[in-house]
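Heads up: the structure comes next, in structure tokens.
Think of it as A, B, C and D in the order they're written, each chain with its own count starting at 1.
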Amino acid sequence: MNAPTIVLGVIGADCHSVGNKILDAFFNEKGFRVVNLGVMVSQDEFIDAAIETGAAAILVSSLYGHGEIDCEGFRGRCVERGLEQIVLYVGGNLVVGKTPHEAVAEKFSAMGFDRVFFPNDDLEKAARLLEEDIRARPREPVTERPA
Amino acid sequence: MNAPTIVLGVIGADCHSVGNKILDAFFNEKGFRVVNLGVMVSQDEFIDAAIETGAAAILVSSLYGHGEIDCEGFRGRCVERGLEQIVLYVGGNLVVGKTPHEAVAEKFSAMGFDRVFFPNDDLEKAARLLEEDIRARPREPVTERPA
Amino acid sequence: MRDKKMPLAQLLAARPAVLSSWPTGAEVDLDEAFAWQAKIPAAKRFSTAMRAARDARRVLTQPRAGVALIDEHIRLLKYLETEGEADLLPTTIDAYTRQNRYEEAARGIEKSVNAGTSLLNGFPAVNHGVAGCRRVTDAVSRPVQVRHGTPDARLLAEITLAGGFTSFEGGGISYNIPYTKNVPLAKSLQDWKYVDRLCGLYEERGFPINREPFGPLTGTLVPPCIGHAVAILEGLLALEQGVRSITLGYGQGGNMAQDIAAIATLRELADEYFQDAGFSGYELSIVFHQWMGGFPEDESRAFSIICWGAAVAALSGADKVIVKTPHEAMGIPTKEANAQGLRASRQTVDMLADQPRIETPQVLREKEIIRREVDCLLPRVLALGSGDTAAGAAAAFEAGILDVPFAPSVHTRGKILPMRDNEGCIRIFNPGAVPLDDDIAALHREKLAERARAEGRSVSFQMVTDDIYAVSKGRLVGRPR
Amino acid sequence: MRDKKMPLAQLLAARPAVLSSWPTGAEVDLDEAFAWQAKIPAAKRFSTAMRAARDARRVLTQPRAGVALIDEHIRLLKYLETEGEADLLPTTIDAYTRQNRYEEAARGIEKSVNAGTSLLNGFPAVNHGVAGCRRVTDAVSRPVQVRHGTPDARLLAEITLAGGFTSFEGGGISYNIPYTKNVPLAKSLQDWKYVDRLCGLYEERGFPINREPFGPLTGTLVPPCIGHAVAILEGLLALEQGVRSITLGYGQGGNMAQDIAAIATLRELADEYFQDAGFSGYELSIVFHQWMGGFPEDESRAFSIICWGAAVAALSGADKVIVKTPHEAMGIPTKEANAQGLRASRQTVDMLADQPRIETPQVLREKEIIRREVDCLLPRVLALGSGDTAAGAAAAFEAGILDVPFAPSVHTRGKILPMRDNEGCIRIFNPGAVPLDDDIAALHREKLAERARAEGRSVSFQMVTDDIYAVSKGRLVGRPR
């Protein structure tokens, strides 16, 4: 597969930049074209960048605990703006407080994220899944529809 | 009250001598006449010493976890040998494994011990209770009865 | 010494705009606030506690903690006071408030009420207002500090100081570079001048407010000289505005000798630079932050990191230790987990209280290195400002003379590349534009080459990644598998 | 060097009586046992693991653990291997077996079956017999050691070595004085000569059995010189009987410098005395026991003590650390609590693996003191025996030249009175008849006077009591309230 574009960023008012820099380097090395928006990215900034670059996936990070609030309605907003097919991943310390992974995964899956990752998940595996998920999705061109 | 005699020792195959030495020094200082049998004392050795010295109380320690087995039938044996009125205390790490204090206290009370102590219990308080309990018990002379 | 204090009139002129930026600002009345502060007993004043710790050579323990709702927050702090035996209490502010996004904070409060649990990662002090803050500071019996990460903390300071807090963390650099993306340094430095001046005003009136620049920065492989330079600059900026009680901080690096040397030099160098700048009569104390990088999920392993941090805090003679919790890798800790971290830390610092200080050849060497480095940086920074410390700091970051690794801000170059040497000391592989003397830069490279040889690989970015993950994977140095 | 090895014929002549002292003894057939040992892979042999650790400068972790029933015990060990990541496994023997009270052990097994939980404080290996032991050693994938406290361990050794264990803890002094009341030293030393000779026989046949004298003794304020003297004597006794893999132990005292010095001198002095006695070709390793005295009930505080112990083990360069658990003050740990202690310790020793060794002036001073002291004691002990090490040891205890504080045995004088100095080092207030040189004795007294002055009280027995309680109350030195 030739270099799919992915958009990377840390959502909301979240300043945790270390993991983001590592993800950037990692996915680059894995052959993705990485558009890294850094920290403190709003939903619309993610979507703008995805549309602009024709990205196949958006990888949202949230570390600081407000993930639940910040990610609300993300999938709907993608659909609204014409990104029906985009692969939507989220990862990090997604909720406030130590919570069983299953509960968190369920919550964010229900919110429309295709996959949910935790800090210690194997990135190699994430990259493999990402390739698969991108390959699996229907290949229509991404076009912006009136919101 | 003038120096009641108490018998002190660590029951069974238990070698923990540090607490025993401290109890010896402590109860001596509190004005008791302490007969310290040291470690690895059998039920009958406790009782022999109590009879011999006309002790008002027996203070049994068990640290190593076999307290439950070693103390079985102690009260009955005292009664058999004529020590109906003797004050019977037990303290230490009385059972195998971390167990709620209440459960342990209940078990040893049921076995006929007048009071049950734990490693962190206040010794000052124990000494006060001991004085009270000794004062409260009927003052017949202790005599050996045929077993 | 040129008096760099902001004229009172200027502060007063700036206040209305600040106070009107959110409705609760209207609750602040300075004279009433002073009257309130006057009623705070000495035992609850932060500066008094820090001085006493210093005099008694004790290490005080302090957690991080904050939840969305007032009653819940009070319960939390009281629990940490009784069950955690914390000497000092915090009120950690949520991340929306830190970005002045009070509307989102309000939504977080509402959602938390509905959810029956805190959905915010801290206490939204501005939204709760002066009265809300006073309920908190009143309810506890230890000194309480505002801990946050706010580039523009003017309103937060107004409300919390009036609300009875007696210490305020942060600074124009340390609460910008690691915490923001786009805020210009000149802006945050200006806003923090306001905060420092406000604290200085309380001090003038007889109500000392302890100020604590945030030492650990990104908490990730920060070389001591970078943290020290920023801490001392922010100390100077606070002193210039009339603050007298200053606590400078350092985040544990991991190598014991380097950490001990860092605490010692931070104290010594701060005194030297402060005195060179003409200051005296201030009260300086030092805070050691337990490991600020990534933690392992396993709580037993987390305890290990917590306790080793507490041990080095004690061995280095810090005055205060900021305590992590066994939940660190997972999320905001429960009050129970927080108290666990506190008690483990207390046992360690108390058990080590009688150990003599450690002065090994390694410690002496690291002290010398840190001194040399700071002396490469700070005089240049100060010179750049020609008398204006803040301007010097901003220009230094602009020029890359100061640079913080792994930071989110676009206002640091992010060219400096640190990694661990073979003994776990944090070294600088690539200083970027940070002007280290040649011999020092060479020493760093040599130390890293030594590690590379030991590992049979060449010095590479992979080493940095390995080092970032190392502690959470149970090591200090990120060795190849 | 005079060959002090017990003639094989003598051992063989003594065996029938030993083996017939409990029915399971009949299961032991030496040739069959050698054949069984021959099948043990190198990765499961204790001596190999200890040598590898020493070569790689790693600190291995090992728990204590034992329960009444075989299947439960196997589950426990497997759990500690996987969830605890223990490098080495134990099988801790119950206290009835230690006193050769196999009938009571049998009752304990029965009661445990009925109760559905272990009512014994260890694994009754003799009752379970050779086959039972083999099920255990077979089921796990790490080396397993017998850990106990048995003055007459002849039958236990016969059964467990035939049962596939590759290391055996204890010695004629260290498993007598702290563990018994009335057993004469001459008796336990004679019985341990049998054990050592049996281990030596396995060694001769090519199946090294690691031997580990029990270093900590009563675990309570034991001055390093006392522990070292006993450890080295027992090392000599084992070497004399043909043992080659020796691990000498030391229980953490609490002052870092003294602990580091103790580990260093134990290694150095053992080598010197062993070589003086004409031995070579042995493999010496050192084990550090995390704090062996009273623990606090609070598990967070227990973690602190565990981690500080692990840290000092790493900083001192020990080869193995014996790990405590957060349940220590409360009772035999669950497997979960045991694994917690192991993981916390592993994180610490691994995180500190790259720290350089610490050689402060205090460490050097303590090393010198310990060396001087051991040299006051051991030559006298050896001289007393005129060539018979065991006789020397027994005579030394008889004469009070060796004396263990707080011990239960009537065969130590118990006149030596240790307490902590102002920095927490264990000193000797009253040496009893222990022949310390005058200048050394004076140094101890001076150090204690220094503490007394600091505390504004005179040196007294109250200090000892305070010191015994101190760690469980959150301090090292038992200061007055």
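Rule of thumb we're sticking to: a residue touches a chain if its C-beta (ideal position, glycine included) is under 8 Å from a C-beta of that chain, and two chains touch if they have at least 3 such contacts.
None of the values given here were measured: they were computed from a predicted structure.
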Quiz item: What is the distance in Å between the mean C-alpha positions of subunit A and subunit D?
Solution: 55
Quiz item: Between subunit A and subunit B, what is the separation of their C-alpha centroids in Å?
Solution: 68
Exercise. Using mean C-alpha positions as chain centres, tell me how far subunit A is from subunit C in Å, no decimals.
Key: 31
Self-check item: subunit C and subunit D: spacing of chain centres that average the CA atoms, whole Å
Solution: 45
Quiz item: Considering subunit A alone, which of its residues make contact with at least two other chains?
Solution: none
Practice problem: Would you please write down the residue numbers of subunit D that are in contact with two or more other chains? | Solution: none
Exercise. Pick one for the touching-chains graph, please: line, ring, star, complete, other.
Key: line
Practice problem: Sort out which chains touch which and give me every pair. | Solution: A-C, B-D, C-D
Exercise. Quick one: which bits of subunit C touch subunit D in the complex? Just the residue numbers, please.
Key: 254-257, 296, 298-301, 303-305, 307-308, 310-311, 315, 339-348, 350-356, 358-362, 422-424, 471, 474-477
Quiz prompt | Touch list for subunit A against partner subunit C, complex | solution = 10, 12-18, 20-22, 25, 38-40, 64-66, 68-69, 93, 95-99, 119-120
Self-check item: List of subunit D residues in touch with subunit B within their complex
Solution: 94-96, 98-99, 101, 104, 107-108, 111, 117-121, 149, 178-181, 218, 220, 293-294, 297, 327, 329-334, 337, 406-408, 461, 465, 468, 472
